[in-house]
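In what follows, structures are represented as structure tokens.
The two complexes that follow have subunit A in common; it is paired with subunit B in the first and with subunit C in the second.
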Partner chain A sequence: MIALLMRNRLVVGLASFIGAIALMGIFAPWIAPYDPYTNDILIKFAPYSLEHPLGTDHLGRDILSRLIYGIRPTLFLSLLTMIATISLGAFMGLVSGYFRGFLDEVIMRLVDMMLSFPSQIMIFAVIALLGVDVQNIIIANVVIKWAWYARLIRTKVMQYRDRNFILYSRCIGSKESFILGRHLLPSIASEIAVLASLDVGWTIINISTLSFLGLGIQAPLPEWGAMLNEAKNVLTINPMQMIAPGVAIVILVSAFNLLGDAIRDALDPKEVQS
Partner chain B sequence: MIKLDHVCVHFPKSSGHFIFKKTYQQILYDVSFDVKEGECLGILGESGSGKSTLGRVICSLLQPFKGSISIDSVELYTKRGALEPGTLAVVFQDYTTSVNPRFTVRDIINESFIVLFRRTGKCIDVEQEAVRLLKLVGLDEEFLYRYPHQLSGGQLQRICIARAIAVQPKVILFDEAISSLDAHTQVQVMDLLKDIKKQYNFTYIFITHDLPSVTYLCDRVLFLYKGRVEEVIPVEDMSHVTSDYAKSLLHSILDINM
Partner chain C sequence: MFSYILRRTLTAIPLLLAISFVCFIFINLIPSDPAEVALRVRQTPIITPEMIAQVRLELGLDEPFLVRYWYWLVNCLQLDFGVSYVNPTRTVLSEFERALPSTLVLALTSLVFVIGLSVPIGFFCAVYKDGLFDRIMRGFVFITTSMPAYWIGLLLIWIISIKLNLLPTSGSASWKHLVLPAFTVSLTYISTYIRLIRNNMLEIMREDFVTYATVRGVKRHIILTKHILMNSLHTCIVAIGMSIPQLISGTIVVENVFAWPGLGQLCISSIFNRDYPIIQTYVLFVGFLFVVFNLLFDIIQHIVDPRLRKE
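Showing the complex of A and B:
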């Protein structure tokens, strides 16, 4: 699968673009020109210049540095959330799609229950219930979103469940863990990869939305959504402050969405045959 | 060895759902027969006669509605894991879907070895054993690291047979296993099956719609028609069939051969 992905130029390009952003986040203290917390009220609302490439905000903090430091919560939190969501969703989907029967009924009715609420509102409700905290954002996202993935993956598993190679395994009495882990999971791995990369984009927007509304990452921490929130307060005085974090979110989310589409194209079974 | 006792199978009809009552279509009616150890039983029937369903029942993939089935006096479908893993192996008609496309030939055969290991606890050198089995089915070791899409249909069906032998089962079920091969390959594979049977003393159940291959390979033949057993007769006595369906089937084939 990986070799197949490496052959696709779009996948490699987008993945390395996202990788570069991640590296910038990891090495932020060395890359960022200024400290993201030092404020200098004398140079507040500085326009774009060589000293401050993206200007400064209402407290005179360098926006570029804040943007670079902001990669950490934005990207890594959403990756973490995505991994947790997909693992839970994939596990539930596999179990309910493969074993069917009573277990399937229970899981699917639970999924129906989760899907009958509008997800954004549910996330607000969960955070309001648990309190504003980074870990609560992740919990809220996982609890609300796993149901989507459980249902999608269950459908996929049911397509493979009656393939002859699985029937053979069941017939000779292979262990269920072998069938699930070696046969089914690799068969649906490409689907999961597509879902995962699309999900990251969704989570980035979601975490940023929460931060923008003041329910997510809190004020001094540089996070793109929170930066937008701060910029909103001074929108009439300095509209330029909104552009940098806004564009950054759009670019990163589009990169993940494009990556999802590109992975799906690259792993298309019609191309696998060749 | 294998004993089926009044097996009935029915499926809920897709159409004709009432709110509280499902209607069923019966596939198998009161099927009873037994297979002796080391025997090859051919199950002959036209399409839709329920022979593949019968195969699935024997494979413990489909629980019958009524009746019982036992292999080596172990009752199937009573509780999970009653039957030792690897007692029965199966070769399917459609070789393209019967192996995992992401596995190499070695992995395909290795799955059977894992089951064998669980049953007997015997350690085996996977590479060496796999090559031996490949040679047995007329392939050589260069196939070991190939993927299924790099093999032809006949080669793949031989891999499926090798994989079934690798479990060292008591019974191998062939569900139209050679019907999708061309005539020349069919004869080759049947000769191969005969040899293997002599070597290992397997019991075969051979499901097919093809009369000549039954007469070539099997000891006894069972005629299945519309879900009912019409007649079970040794192959040598094939000319003395008594039931109407078997007669008409034989006549239709003999007419073509003339």
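Showing the complex of A and C:
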């Protein structure tokens, strides 16, 4: 699977682009020209210039530096949320698709119920219950979105569970955990990869929306959604302040959406032939 | 046909019960004692353990869980959703009555935008496939799916309201205030349905009856509108109908950008104020809408599309 993806130029290009953004986030203190928290009220609302490439905000903080520091919460929180959601969804999907029976019935009814609620509203409800906090938006996203993955992964598992190589493995007495981990999981890994990369974009938008509404990451921290929330308050005075974070979100989300499509095309042999 | 409607309606009931049960569990998970909250709501100056015990008895909190759920459910069916924690003079119902109309106006207007824009654009994209217009629209669809709705709202305020000074930035005084928020809400759906209609039409263009009509010498614009567009609209209307609840709940973000005084603003301020009865009722309301609209448009689809009835 990895080798197949490495041969696809579009996948490699997009993945390195996202990787470069991630590296910028990790090495933010060395790359960013200024400290993202230093106020300098004298130079507030500075226009684009050589000293401040993207200008300064209402407190005179350098927007480019805040944008670079903002990669950390925006990108890494979304990835963390994604990994947690998929792990839970994959576990539930594997268990219910492989063992079937009573357990499957219980998990699937739970999934049905979760999916009958609109996910965005449920995320708001969970945050209301737990309180406004960074870890709570992750919990809320995981609690609400796992059901969606569980159902898709269960369908995939059911396609594989009666294949010969798995029946054989069971015949020679492999442990169930071995079959699940070594046979089934690798077989559906490509499906999970596609789902994940297509959905990261959604998660980024969702988390930044929560921060924008003030329900997620709070103001002084440089997160793109929270930056846009601050920019909203000075929209009439300094409209340029909201351009950079928004463009950054669009670029990152488009990169993930394109990557998802590219991975799907690369891994789906039917698409290549036609 | 009638038996299908009946069967489908009956399956919706357990789902509605499940949704109401989740909402009931939700309010029971709150880390504060409901009896104490009730005393605070009544603005009792000093709260003693005896008073809490008395209120517990009064509110029936000593009853078993399922009995309390039953009482709560009966109250909900009579539209009694309790009292706001923050403002005890107001019931949840009165708060909803105040906020719901503006949200419905907003959602309906965006629905008009969605249908009015995505149908013709999708149509022309399919007719002139790979033409300039189609390519521009495909780019537009791709970009808008990566844009957060609130940022689109901010951009529109900046360009239309501040730079061009055409429409007001926020508030809800006249129809002029409605245009920008409604357009922002509809934009995400417009791009989804442009793609849906375009792909549907392209699929139907390959069907045999289209070739037959062409061979028979039916005029091209009649084939396009009567045969292809009408057929592709079936699935679209059902899909749009089922997304109406999403449209209503999707106003939550946009209302906050444009200061539109609807349910979304009510919901967000309730989250900040920890006004749980309002949040609970909001979740119940949206869940109810989801089930009802799914049911409604599922039945409509069965009536409109005879192919589904054969089974």
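Following the convention adopted for this analysis, the second predicted complex is superposed on the first by the 268 of 274 C-alpha atoms of A that agree within 3 Å, B and C clash if a C-alpha of one lies under 4 Å from a C-alpha of the other, contacts with A are read in each partner's own complex, and residues count from 1 in each chain.
Rule of thumb we're sticking to: a contact is a pair of C-beta atoms (placed from the backbone, for glycine too) under 8 Å apart; a residue touches a chain by one contact, two chains touch by 3 or more.
In this text the structure is predicted, and so the values were computed from the model without any measurement.
When both complexes are superposed on subunit A, subunit B and subunit C fit side by side without a clash. By the touch criterion stated above, A:P186 is placed in contact with subunit B alone, subunit C being left untouched.
Looking at the shared chain after the overlay, A:R163 reaches subunit B, while subunit C stays out of its contact range. When the shared chain is aligned, no partner comes close enough to touch A:Y37: not subunit B, not subunit C. After superposing the two complexes on chain A, the angle subtended at the C-alpha centre of subunit A by the centres of subunit B and subunit C comes to 100 degrees, rounded to the nearest 10.
Counting the residues of subunit A touched by each of subunit B and subunit C gives the higher count for C.
In the superposed pair of complexes, A:C171 makes contact with subunit B only, with no contact to subunit C.
Our summary of the superposed model lists a minimum C-alpha distance of 11 Å between subunit B and subunit C.
The part of subunit B that touches subunit A in the complex is made up of residues 59-61, 81, 83-90, 92, 94, 97-102, 111-112, 114-115, 118, 149, 163, 167, 169. The part of subunit C that touches subunit A in the complex is made up of residues 15, 18-19, 22, 26, 29-30, 142-143, 145-151, 154-155, 157-158, 162, 169, 245-246, 249-250, 252-253, 256-257, 267-268, 270-272, 274, 276, 279, 282-283, 286-287, 290-291. Residue ranges on subunit A touching subunit C, taken from their complex, read 112-113, 116-118, 120-122, 124-125, 127-129, 132, 201, 205, 208-209, 212-215, 225, 228, 231-232, 235-236, 239, 242, 246, 249-250, 253-254, 257. Across the complex, subunit B is touched by residues 163-165, 167-175, 178, 182-183, 186-187, 272-273 of subunit A.
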